[in-house]
Amino acid sequence: MMKRWMLISLLAVIGLALGAFPAAAAGADTLVVVQEAEPVGLDLMQNSIQTTMSVCYNIHDTLFHPQEDASVLPALAEKWEKTDDLTWKITLRKDAVFHNGEPVNAAAVKFSFDRVSKEGMQSPHKGKLLSAFTELAVVDEYTFTIKTGKPYAPGLYILGYYLPIVPPKYVQEVGDEKYNTDPVGCGPYKLSKWMRGEEIVLERFDKYYGPQPAYKTVVFKANPEEASRVASLLTGEAQVASAIPVHQRKKIAGSGKAYLTNQMGVMPYLGINTYEAPFDDVRVRQALNHAIDKALIGKALFGGKAIICNGPISPRTFGASPNLKPYAYDPAKAKALLKAAGHADGLDVRLAYPTYMSQIQEQAEAIAANMGKAGFRVTLEPYERAVMWERYKGKKHQLYIYWWDDAPEPDRYIYSLFHSKSRDYYYKNEAVDALLDKGRTIMDRAERAKVYAQIDEMLYEDAPWAYLYIVPEVFAVANDVDYQGRRDGFLNMRYAKPKK
Amino acid sequence: MNVQALRNAQLFDKIEPRLRYAGETMREVARRPSALVGGVMLVLVLLISLGFPLFYPIDPLEQDLLARFTPPAWQDGGVWVHPLGTDNLGRDVLARLLHGSRVSLLVGFSAVLVAALAGIVLGLVSGYYGGRLDSIVMRIADVFMAYPFMLLTISVIAVLGTSIFNLILVLGLSDWVTYARTIRGSVLSLKEKEFVEASRAIGTPHRVIIFRHILPNVFSPLLVLGTLRVANIIIWESGLSFLGMGVPPPMPTWGRMLAEGRIYITDAWWLVTLPGVAIMITILAINLLGDGLRDALDPRLRNI
Amino acid sequence: MLPYLLKRLWHTVFVIIGISVISFFFIHLSGDPVMLMLPADASHQEIEALREQLGFNAPLYEQYFRFAFRAIQGDFGNSLYYKIPAMQLIIERLPASLELATAAMIIALVVAVPIGIISAVRRGSLLDMGSMLGALFGLSMPHFWLGIMLILLFSVQLGWLPTSGRGTLAHLIMPSLALGLSLTAMFARLTRSVMLEVLNLDYIRTARSKGLRERMVISKHALKNALIPIVTVAGMQFGFLLGGTVIIETVFAWPGVGRLVVQAIFNRDYPLVQSIVLVLALIFVAVNFLVDMLYMYLDPQINYFEDK
């Protein structure tokens, strides 16, 4: 009886093993990238999640390559000129084709642009694109013009990120739903297969117009558990792993198998509900800014890699005011400010934060402990993604930690975060609104920078946030691969190459 | 599903109605070495968890960012100020373990209490009164059984938010079915017993029958079941912490220390190992005691 | 027999309706996915437009009936996140979950039943005490902790097994071990105690007194009886396993339903959550029904057809 029992079980195990898929052997031509989450779709137009867009940028190309100083370089667009304040005339290169052989021409660009406003298209980028651009007209096979409603300085940069050029025939044939799972783009890699839940396999596109990427095959996998991501890198199963906290640096470097990139990219901030007491008083907000020991947190939690912020504009972004210094850590001054505002006995406050942010738990606890020393008695409120966002938009937070990517284009985030047309949930300042409207219409970069510096200083003084720091967004990369990571944090594998 | 209940009912058919006395039970338990060991261990854990401020009055929330990841004192780099080292924010691990014991045990025992209370009331009512009420309660029990436990917990916490109170409520309420089924099974068989029928015949009110005759007789399966469940709940709490839905910070719990410590598993082994050991010792104690209680109170309940 | 089956069917329908109502209202009460579907800088108008388009402005009961009506016709809607039919996603993921749960169950039973039997037969021996203590340790370890320890040992240190993912038998070993250990402990304890119980029954004593060899007594007579509760519990645990593997699936990046549904809850992907909960509940009910049938076969003395 028992022997039979075991035999049956053994057979069942073997059966399972045979039924399972054989693992794809990773050769030298193959690069395996492991992210913290799987893409939800592969159409750049229909998705806005970082881990999803990272895969998309390998498949889709846009008109421009956005650069780390907010300028752009040619991609599908070969040259461009401003014909007036509202119009760009853009010429495409003639050798670009889609993965299915359709030509990349002005008609395809127009199709791609019109697709944004098409009925039933739920594009997360609709707002950004259509609030700026009004129409696109074909001039000849490879030339077109694109118009904005008002002069719009960051226009080309926005197009470079958010307008993927898609093949008209294929999209019309399969529809948007299928295009999201089986995209055909004109980027350096084409989709080979997507085994949902397991992996996405990309193959090098031989007719790509640009430089051929170094790796023939790129495999994207997902693994939500940090320890497992690191382990898969150390065992050689993966060559690039995303979302690695800084404290892993020593261990990863010490393994002799991989290194961490030095890429910086995320700007956490502590938002304040300025509409309600006690934070409607600017002294209380300034007290909060003086209460947080940013330098120590940066040193301890981020291995000294954090860049301390002065005001809302990242010190690395053009337009950051050169006149500002970070709020000094000074609990005594914070207490004095609180006392002046009538809170000599301290204050009870609530601090919300999203649980899915990297290293957030320790940041929140460290910040709360700092605040406690200055007289703020903090109750921490961790929320998962949906609830955090819902409460945020419902104006239910008193203090909250969120983050934005450390974007090189000031309009991209300062407008989004502070213009009352974009969000007025916790702060509204008409002077800032006016400056923001002005800033995006100035075409001269130096002139623009002055406007943003003014905004930076105003917001520093008014303190609608407690300003924190820029923290590293680190990838772990195997020693035989050369990949530096980019400021936007997207995993664009055309830039990876074997190390000699 | 109702097979389990039937099975329990079957088992209870063989049990003579009797009221055990506390002293007798204690002696029975004490005669079993494993139960004795478990009992002593649990009493020690409880004593430590209640009395530690007397001999270790260190604040578990006090941070020292520059002294993060100090190893335990006996290791290189360790200091006796922090006998078990510090965590990622430089907080004293021993102090956190001690304070964490309170929260973990509180959650474990209270959740079982909530589950048992709900289960007793519904099981009693359902078994005693029978009929339509019984089938309604049992159908609801079916729904709760078939609803994947983890998902129920997660979605309820998503609605209510995380707090110790909500956690106890959720863990308790998603676990009442087992108690209700067990109680109902025993009530069904007790109802047919002569002493209950006799009481009913002389017009004793239902309330009195339930409290005087039925409740004392279902007490032992409850005690056994409850003890073993405390262990499960403590493990579940750590699972929820793993998903970021456990007891909210900064209050330390063993589960959360374990879940957060896993990130530093290769740099600071003590952060994930020590709370794991604490959980293991406590659960071992509870299980040993639970097994002993079961053997002593009711040898026929072995497969609960 | 037939009335019993009809009754079970009615119970199943009740369970399914109950579960669909609970899951629907809980997930809808816990917030709206619209804001998650749009980027951070979406305007109020965009949010409102999408909400209207997805029908979230209608009263909740109306939304429920619309969902239920479509579901009866087999249309469970598209995942809001993946934008493909929810059922398709589930069907893609279910084999992985079944594979993991089956493997864990097999490991547990293959290891636990012999241990339990031996412990019962040699009650009080060193072997018995050792394995029962081991079982208690097995019950005291959180899954994720064990999983990470296994990865560190077998993948990072020894390099024997892949860290994560699904594919070959090698991929299956660690997740099913991590999942199966506490089950093994539980079944070992269960087997031991039912065996002890059975070995004390009259007919076993009779068999022994007739001079049958001990081995025969155990394998032919005692085990068959002891199997009844083991099968019952195994059936129930299998149902739990399918929905309860979230943590192991997360640690090992196992592409199963558990992880899919937890992500769906976090994303407020209403159609996907409802569909998965329904599918898991159906499987649970079906497995338990089968177990009941098996139980009747193993122990025909019990009369199931009267209401208890």
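The first chain written gets the first letter, and so on, giving A, B and C; residue counts start at 1 in each chain.
Quick note on the criterion: a contact is a pair of C-beta atoms (placed from the backbone, for glycine too) under 8 Å apart; a residue touches a chain by one contact, two chains touch by 3 or more.
Computed from a prediction, not measured in an experiment: that's the story for all the values here.
Of the two chain pairs shown, B-C and A-B, the one joined by more C-beta contacts is B-C.
Taking the mean of each chain's C-alpha atoms as its centre, the chain lying closest to the overall protein C-alpha centroid is C. If each chain is reduced to the centroid of its CA atoms, subunit A and subunit C end up 37 Å from each other.
Centroid to centroid, with C-alpha atoms defining each point, subunit B and subunit C lie 21 Å apart. Mean C-alpha position of subunit A lies 43 Å from that of subunit B.
Chain contacts: subunit B has residues 158, 262, 265-266 touching two or more partner chains.
Residue numbers of subunit A whose C-beta contacts span two or more other chains: 227, 356, 384, 386-387. Counting partners per residue, subunit C has 30-31, 148, 152, 250 as the residues that reach two or more other chains.
Contact residues of subunit C toward subunit A in the complex are 30-33, 35-43, 46-47, 50, 53, 78, 81-84, 89, 92-93, 96, 99, 102-103, 106, 109-110, 113-114, 117, 148, 151-152, 155-156, 159, 162-169, 171-172, 219-220, 223, 250-253, 255-256, 259-260, 263, 266-268. Within the complex formed with subunit C, the subunit B residues making contact are 1-7, 9-10, 139-140, 142-143, 145-152, 154-156, 158-159, 188, 231, 235, 238-239, 242-243, 255, 258-259, 262, 265-266, 272, 276, 279-280, 283-284, 287-288, 300, 302-303. By the touch rule above, subunit A contacts subunit B in their complex via residues 226-227, 230, 245, 247-248, 250-251, 296-297, 299-301, 355-356, 361-362, 364-366, 368-369, 380-384, 386-387. Chain contact summary for the complex, subunit C toward subunit B: residues 11, 14-15, 18-19, 22-23, 26-27, 29-31, 136-137, 139-145, 148, 152, 190, 193-194, 196-197, 229, 232-233, 236, 239-240, 242-244, 246-247, 250, 258, 261-262, 265, 273, 276-277, 280-281, 284-285, 288, 291-292, 295, 302, 304, 308. Interface residues of subunit A facing subunit C in the complex, by the touch rule stated above, are 1-2, 5-6, 9, 12-13, 16-17, 19-23, 37, 40-41, 46, 48, 122, 124-128, 177, 180-181, 195-199, 221-225, 227-228, 231-232, 234-235, 237, 356, 384-387, 389-390, 393, 404, 415-416, 421-423.
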